[in-house]
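Each of the next two complexes has chain A plus one other chain: chain B in the first, chain C in the second.
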Partner chain A sequence: MTMPGTNLDPWYDSYAARTAGLSASEVRALFAVASRPEVVSLAGGMPYVSALPPELVSGSIERVLSSNAAMALQYGSGQGTPAIREHILQIMAMEGIRGSADDVVVTTGSQQALDLVTRIFVDPGDVVLAESPSYVGALGVFRAYQADVQHVAMNDEGLVPEALREAIARVTARGGRIKFLYTIPNFHNPAGVTLSWARRVEILEICREAGILVLEDNPYGLLSFDQPAPHAMRSVDDEGVIYLGSFSKTLAPGFRVGWALAPHAIREKLILANESATLAPNSFGQFVITEYLDQADWRGQIATFRDLYRERRDAMLTALGEYLPSLTWTRPDGGFFVWLTLPEELDSKAMLPRAVKELVAYTPGTAFYADGQGRGNIRLSFCYPTPEAIRTGVERLARVVNGELDLLRTFSGARLTRAHDQRPGVVTPPPNTD
Partner chain B sequence: MSASHPSTVTVLAGGISHERDVSLRSGRRVLDALSAQGLSVELRDPDASLLAHLRENRPDVVWPVLHGASGEDGALRGLLEALDVPYVGSTAAAARLAWDKPTAKELARRSGVATPRSITLSHDSFRELGAAGVLDSLRDEHPVPLVVKPARGGSAQGVTVVDDEEMLPRAMVDAYTYCSDVLVEQKIVGTEVAVGVLDTGDGPRALPAVEIVPRSGVYGFEARYNAGETTFYTPARLDDDAARAAAEAAVTVHETLGLRHLSRVDLMIDAAGTAWFLEVNVLPGLTETSLVPMALDAAGFELGLVYAALAEKAVRDHH
Partner chain C sequence: MTMPGTNLDPWYDSYAARTAGLSASEVRALFAVASRPEVVSLAGGMPYVSALPPELVSGSIERVLSSNAAMALQYGSGQGTPAIREHILQIMAMEGIRGSADDVVVTTGSQQALDLVTRIFVDPGDVVLAESPSYVGALGVFRAYQADVQHVAMNDEGLVPEALREAIARVTARGGRIKFLYTIPNFHNPAGVTLSWARRVEILEICREAGILVLEDNPYGLLSFDQPAPHAMRSVDDEGVIYLGSFSKTLAPGFRVGWALAPHAIREKLILANESATLAPNSFGQFVITEYLDQADWRGQIATFRDLYRERRDAMLTALGEYLPSLTWTRPDGGFFVWLTLPEELDSKAMLPRAVKELVAYTPGTAFYADGQGRGNIRLSFCYPTPEAIRTGVERLARVVNGELDLLRTFSGARLTRAHDQRPGVVTPPPNTD
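Let's turn to the complex of A and B:
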């Protein structure tokens, strides 16, 4: 008797179409090795929370528990506590933003704000404009809502206004509906570049004229190294910009507290969507952060983080200059990332197994595109490894690049046609690589 | 521990191979199954402290569930032998033979098991002889369709099915990224099956063949590790003669290479019913989507009992 076959998932045919990208991949499996101590991981975007003195946080936790436990451990408002929203206004003021605490919506990290904004604006097939490349976590959200992501070129000054005009014209001409422009103006993830002030103004003008909302994602803005970033785009446009902020990089990601600052009508929908998604953001985290902001020298702590990351940025740029002098890369003025461009013939995704074998991990550029581009690029993170480890990692990476070039030289003259690109743009690194 | 009844087991899983994630999942499954049998089981990710730990906290049995190099190439097994600790699975010497696919194929062939025509090429051979000449020669002697794979390694990483000659150079490059030697093998069209071979003391016997039908047509990494992407038939939809041929081929390979306890032999069964040997795993995947647990289940075995029996066998074999 022939037994019926099994595919090990009786619900396989029941999943929503938007889950299409949710699958285990070879690249993701390789990232598992990055957690081993022998491996220098230049892949993840994890803040170096060890530089945060634990007593700063434990003192805040103790005070919250001794004075306000009943509220801190209870469900809270879907908008977030009034106290933390007032603090958030002060933080945003450092980047030129004036607003009302009423327009702040606290979320489970700014990642959830990104999800909520996409949820309330994007129907399947709607167009989202995003930089080329763009943040992998945002692309995952856009994909989940079945958005049509159209990348817009950027260069060392950030998003290119002319390319934005062209993209809008192209999409409009084919009848596409653009819902918003997603941009990371400061110390871009993954590109490491910062949008100049002149371009901020020009891009806002383009979007205003075209009736396109701007989603300004700014997790790294306060982590500048050499000079402060230009003021936020939201500082000069309070009707056409939704601004996203986060405590993940200036304090710690474990709290999972971020926020959106949105025009009034959008804010109302975000609060309702937030309640629908999680009932309320993390109460305990908000109380502890509020206490921390009240009592601790948080500005001094951000300065500590800045100094630490600056040293690591310098270590990475020096090592790249020393070990990979023929390649090109961006020189970030802040944030966590350097964007490396490989020799034309190299493929960052195909090269990753060799890198893991050499005990160094990176994120292939393909993770940052919705359309399969990025094989010629690598995102290198300098936020977590020590300067010594960064140096070792880059040295190993140079061996990998040279080994791969040697391999390809062996095949010079042969056409290196790829059979099929497995699921372009769905290289999904683990969650801690945002 | 009584004479052959172990009570403490150290499962080794993780490591720094490309198959770390798979290994960890296999290891946790083994831990759960053995724990449910009342054994005291610890899971360790091997690191610099492992050997000292095993010396000082000597378990009754070690179960290496380390996929990829060190776990399957015999190195770790050799160290366990040096430590004189009983362990589940094939010996270091046998594992080395199985780990190297061209070697395993040649030994299988000498024992009368069919295996697809193939050639093994090192990166150095391309470097010395020039890619153009080697590729031309390959095209003449080994026409498509071909399967290009790293000569060592598992989980289908770096494997490409080449249906079009144009794809051959890229497939070679992708395979060399994983291993300095590449096996180029004639693709056999037929039914893909995996046959587990189990020996808990009565000699090796073949488990029911598991037939593999991937949706994409290729049983690659994603088809292996995403539930729903592959349909499995256990036992395979083979006629009696073909099923017998598959079982015999699997046991022959297991015995020829001198394997112990548990292995998984991957075969293609062609239209004539011939079983073609592709490769053998001395450490078959034991995850929730792996083939050997599926075959054990189909054969009516209880996983925990089988795993406990294997741990006992490891102790007996050590004495």
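Let's turn to the complex of A and C:
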């Protein structure tokens, strides 16, 4: 649809160099197909806001309008309101963070905090270190600022310190300028793993020694299922960490309110960048959230979300064990996502259209790499569909995976006899590749 | 306050080159001093949202929560909701614009639209043409993207076509790449003038011939006092104009909802840039505004704002005529601002601390130039203070101006006798410099 427009675009030669880095994410394209009601979408990362009783929000809004309407409807400060910044301190204290409200900058979702941090640090060609895989929206920001993203290996305990050391040495040896390490320590998106406490300390030490800033992105930290996540990396390092938080997963994303807690000098630049970008984050959302945190049982609401997502996580893990027993996947202790590894012969991106045909959608692993990796992986999200839908979705996915494997086997054995019919066949047990 | 932090900043060498262009605007510094209740602020550009009956908004919010809560609290599309984009078309039709909802991109205030347009077009060193003077917030964005801003002269009919031709020739001759002309045709901020219809047509022709995109920023267009503003430039040129609009002045800025209407190929890039920057504009604000436009008498509310601002404009013009009869100023037919020209001897920036001491604040003209001009001008805003406060403010301003002139005269005549006391003296009639 956009191709003819692009070809005919009279401004084609006028765009900035950075604009070449703007491309529709694979997740975005998926939202369109996956929104058909008959498709079970295990693709998106939308929180299940229907579990938030509207009266909790409407009560807050009534109080804002009756007592603070003129301010809530007005322009606000580029840093965010003092009241919400005080609340944000209390929330971060639950993860061991002690800071000053003066160093909190409220942003239009934590996505904008990612944008602003990248804006003030990254010149074209600068290196950003990121987990392998990493959050698709962060990779989009890094690309938009022409960063050179270098992935660093993870395993079940999260980012691997030795791999980080190697990456730093490799980049430094070739004269690259590393601007920061971007990490999601808790309930990683998309990998579903959590960085252990020992590794947090070790990674902070590595970064401190190498003079590398850490960008700690923590949207899911309070959504733990079995035990609380380890304390934030920011809790042990005030000067070397920018911490990003959000109300999108613990309350609702529709207000677009997130934040950064930054070392003092950096926070000043973030405020200026924020003012340049939007003048100020939306006052109305900030006032409503402040009332909500003042008056509503927000800790209880987070517990509700936890219980809900735990049940869905369990449904997904059970279904995977049942329908795809020969594959491997991560077992998240919180958050929204499971990371599935496919048999070597399969390609998650190539398989997606067939999956949608079978009425299940997922995000191919390729979305989470800056360098074309990820064809062997799938991100499955359990946040939005019901447990029953999750079960159905995994069953359909298994049918697709097994059908693909069957097809490959048939092709390699008797290619000519099946070449006219590329549709996946009936469900057969997968070969034991793992 | 920020200086010690900057000196001690361990990340000082890590910032991107563009970050040097981030500096606190003079307007921002003013907000702090001018917020003391005893100061009459003629400095800010805050709309008088107290003139919006809260029940108009609360009714809309109730309907959103009762019928659409789950969607209003959820992530939305990076382009904005289809419903609000249809309403935006109707609003733009009042200014002669015909377009497609498919080409509207909803943004976090029109400030963010400015940011996104600049982001996709401007490489460091590229030229942006802007009126002389121009909107401080736009200049901040252009600086943040390292644009080379070239000012183009205005007079009482707005931007001067001949000056535009000369600027294009001058920049082209030295090999500069002009990316767009940024203009505020209606009730200009800060100049208070309106671009005549004949000039709109002529400027569009000049730009079309030179292959220069026009960025038409129109936040005040519907706030006319005496007669409607001429139709938008976008109404006669679909392919060469990006039009920016906002709900901040016709409804309330606290929702941070503005928009761009762009040629089709450009709008696709704006959506991608929007997703990269914030994922999506806030759903809640969009749903509330949609309900408001569906149900409330929004045209009547705009008429209320018009009447209110007209009365304040009149109060300011009357007070200026009474207290500063020897100076010159513009006579805005809408919007928020009057542009005052000081006697040649005075410096608006140097005079500001003395004005604040006399309990009146204004924005020095220097804020509205990228090149250090503007010391001979002041922007006075009449949007927020009551007519009585405006009168008091102008009276105080006259005392400062006249005191400065008196002081200069005294100094030049008898410097030694007054050197120990630099405070402005009693009010005396100003010398006839104009």
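As a convention for this text, the second predicted complex is superposed on the first by the 395 of 434 C-alpha atoms of A that agree within 3 Å, B and C clash if a C-alpha of one lies under 4 Å from a C-alpha of the other, contacts with A are read in each partner's own complex, and residues count from 1 in each chain.
Rule of thumb we're sticking to: a contact is a pair of C-beta atoms (placed from the backbone, for glycine too) under 8 Å apart; a residue touches a chain by one contact, two chains touch by 3 or more.
Values in this document were obtained by computation on a predicted structure and should not be read as measured data.
Participant: Touch check for A:P281: first (chain B), second (chain C), both, or neither?
Facilitator: second
Participant: Scan A:R354 for contacts with chain B and chain C and give back first, second, both or neither.
Facilitator: After superposing on A, A:R354 lies in contact with chain B but is clear of chain C.
Participant: Applying the touch criterion given at the start, work out whether A:S23 contacts chain B, chain C, both or neither, answering first, second, both or neither.
Facilitator: In the superposition, A:S23 contacts both chain B and chain C.
Participant: Under the stated touch criterion, which partner chain does A:P387 make contact with: chain B (first), chain C (second), both, or neither?
Facilitator: Neither chain B nor chain C is touched by A:P387.
Participant: Count the residues of chain A touched by chain B and by chain C, then name the partner with the higher count.
Facilitator: Counted on chain A, the partner with more touching residues turns out to be C.
Participant: Regarding the shared-chain residue A:P54, is it in contact with chain B (first), chain C (second), both, or neither?
Facilitator: After superposing on A, A:P54 lies in contact with chain C but is clear of chain B.
Participant: First (chain B), second (chain C), both or neither: which does A:A69 touch?
Facilitator: Only chain C is touched by A:A69; chain B is not.
Participant: Contacts for A:P343 in the overlay, against chain B (first) and chain C (second): which applies, first, second, both or neither?
Facilitator: Once the two structures are laid over each other on A, A:P343 reaches no partner at all.
Participant: Using the superposition on chain A as set up above, list the residues of chain A that contact both chain B and chain C.
Facilitator: In the superposed arrangement, which is not itself an observed complex, chain A uses residues 2, 5-6, 8-9, 12, 23-25, 28 for both chain B and chain C.
Participant: Report the residues of chain A in contact with chain B in the complex, numbered from low to high.
Facilitator: Going through chain A, the ones touching chain B are 2-9, 12, 23-26, 28-30, 32-33, 36-39, 350-351, 353-354, 356-357, 359, 404, 407-408, 410-419, 422-423.
Participant: Can you tell me which positions in chain B touch chain A when the two form their complex?
Facilitator: For chain B paired with chain A, touching residues are 14, 16-22, 24, 45, 47, 123, 126-127, 131-132, 135, 155, 157-158, 160-164, 166-167, 169-174, 176-178, 211, 213, 220-222, 225-235, 237, 288-289, 298.
Participant: Can you tell me which positions in chain C touch chain A when the two form their complex?
Facilitator: Interface residues on chain C, with respect to chain A: 2, 5-6, 8-12, 14-19, 22-25, 28, 46-47, 49-50, 52, 54, 57-58, 61-62, 65-66, 69-76, 78, 108-109, 111-112, 115, 119-123, 126, 137, 140-141, 144-145, 179, 213, 239, 248, 252-256, 263-266, 268-269, 272-273, 275-285, 287.
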